[in-house]
Amino acid sequence: MTTLRDALRDFCAARDWHRYHTPKNLVMALSVEAAELVEHFQWATPEESLALAPEKRAEVADEIADVLIYLTELADVLGIDPIAAAREKIVKNAVKYPPPL
Amino acid sequence: MTTLRDALRDFCAARDWHRYHTPKNLVMALSVEAAELVEHFQWATPEESLALAPEKRAEVADEIADVLIYLTELADVLGIDPIAAAREKIVKNAVKYPPPL
Amino acid sequence: MTTLRDALRDFCAARDWHRYHTPKNLVMALSVEAAELVEHFQWATPEESLALAPEKRAEVADEIADVLIYLTELADVLGIDPIAAAREKIVKNAVKYPPPL
Amino acid sequence: MTTLRDALRDFCAARDWHRYHTPKNLVMALSVEAAELVEHFQWATPEESLALAPEKRAEVADEIADVLIYLTELADVLGIDPIAAAREKIVKNAVKYPPPL
């Protein structure tokens, strides 16, 4: 993910997009991409959502990419390491939701 | 991210949560976490969103973690590599939005 | 809003869409339409968001319509009166956030 | 809905909240409330989503109220009549999705 982060830094610097990339704007963009993922599944049954046609699957992969891109940019402008944050969250969740014995 | 993916597989297997983790349900959970990120910034000015107090920043890191966790799980059940998808998307975006000369 | 509700009932009945309109699917569709509203404002400054060009304003009106349509359908399948619910919520909010003296 | 709109104008004026209520901020708040609706249904099966327990149903009514409140405020600051917009949208949808013969 650090390679991805660096690629995105270069991409935005070359286009002078950093001025638009406040955390406020990036969370909006992130939530819009998350909704585009939701859109692919809104009328599907849970079963259908597990068996995507190849072209649909490619579109979903594209939306997953968009969410990851904005998430990486958001974490970067805030100086947060997303992988480290996720690892800490899993530890917290393991305490909050102990596995059945 | 593959380490994160494997940790999440173990976490869900230990709790028998896989039966809830259809793509349909996971995109819903992902969008809810994205909205919890939005909630932190909804009344902030763009400037305020760049200067978070430490405790607020920790809460935001937690929400970033939640989005990354559900995104990793979603990509996993669909057999999609999110980093590879993001890398391909950046190439597409570079064609769609060429940098100014 | 009851006229709107009745028009939507007829519309869906004529197309046999009721079988798709479970609360689960309708909240997904509602959140997607809410995100389409967000998309119109994601890169705008707060000031720009107040001064929409006429064609943009028409597009925003269309998205507001979509949110209201799915909200009306959701409330209908759940047997909830949205106007009455909003009125009760304002009373609760008035207690929670008393006006300054 | 005009009575609701007027009640919300008074409510916000008494608290001097209008300065926060730019369209940009209101669409964010609206999308957050839409996600709180999604949260109630994210792990439910479509069938379970149709048969809510009374206390759950009351919580959902509360979230429906929140969405309607922000939608009314957003439409008001933009000078849009949401009921008229919805009516026009239904006419457009009837052309786009003609009923089966």
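By letter and in written order, the chains are A, B, C and D; residue numbering begins at 1 in each of them.
FYI, a residue touches a chain if its C-beta (ideal position, glycine included) is under 8 Å from a C-beta of that chain, and two chains touch if they have at least 3 such contacts.
Keep in mind it's a predicted model, so treat the numbers as computed, not measured.
Peer 1: Between chain pairs A-D and A-B, which one is joined by a greater number of C-beta pairs in contact?
Peer 2: A-B
Peer 1: On a C-alpha centroid basis, what's the spacing between chain A and chain D, in Å?
Peer 2: Going by mean C-alpha positions, chain A sits 26 Å from chain D.
Peer 1: Averaging over Cα atoms per chain, report the distance between chain A and chain B in Å.
Peer 2: So the centre of chain A lies 3 Å away from the centre of chain B.
Peer 1: Would you pick out the residues of chain B that each touch at least 2 other chains?
Peer 2: 25, 28, 31, 34-35, 38, 41, 45-46 - these are the residues of chain B that touch more than one other chain.
Peer 1: Considering only which chains touch which, label the overall pattern as line, ring, star, complete or other.
Peer 2: Topology of the interface graph: complete, with all chain pairs in contact.
Peer 1: Can you tell me which positions in chain B touch chain A when the two form their complex?
Peer 2: 1, 4, 7-8, 11, 14-16, 22-25, 27-28, 30-31, 34-35, 37-38, 40-41, 44-47, 49-50, 52, 57, 60-62, 64-69, 71-72, 74-75, 77-78, 80, 82-83, 85-90, 93-94, 97, 99-100
Peer 1: Where on chain B is chain D touching in the complex?
Peer 2: Residue list for chain B touching chain D: 20, 25, 28-29, 31-32, 34-36, 38-39, 41-43.
Peer 1: With touch defined as at the start, can you tell me which chain D residues reach chain A in the complex?
Peer 2: It comes out as residues 28, 31, 45-46.
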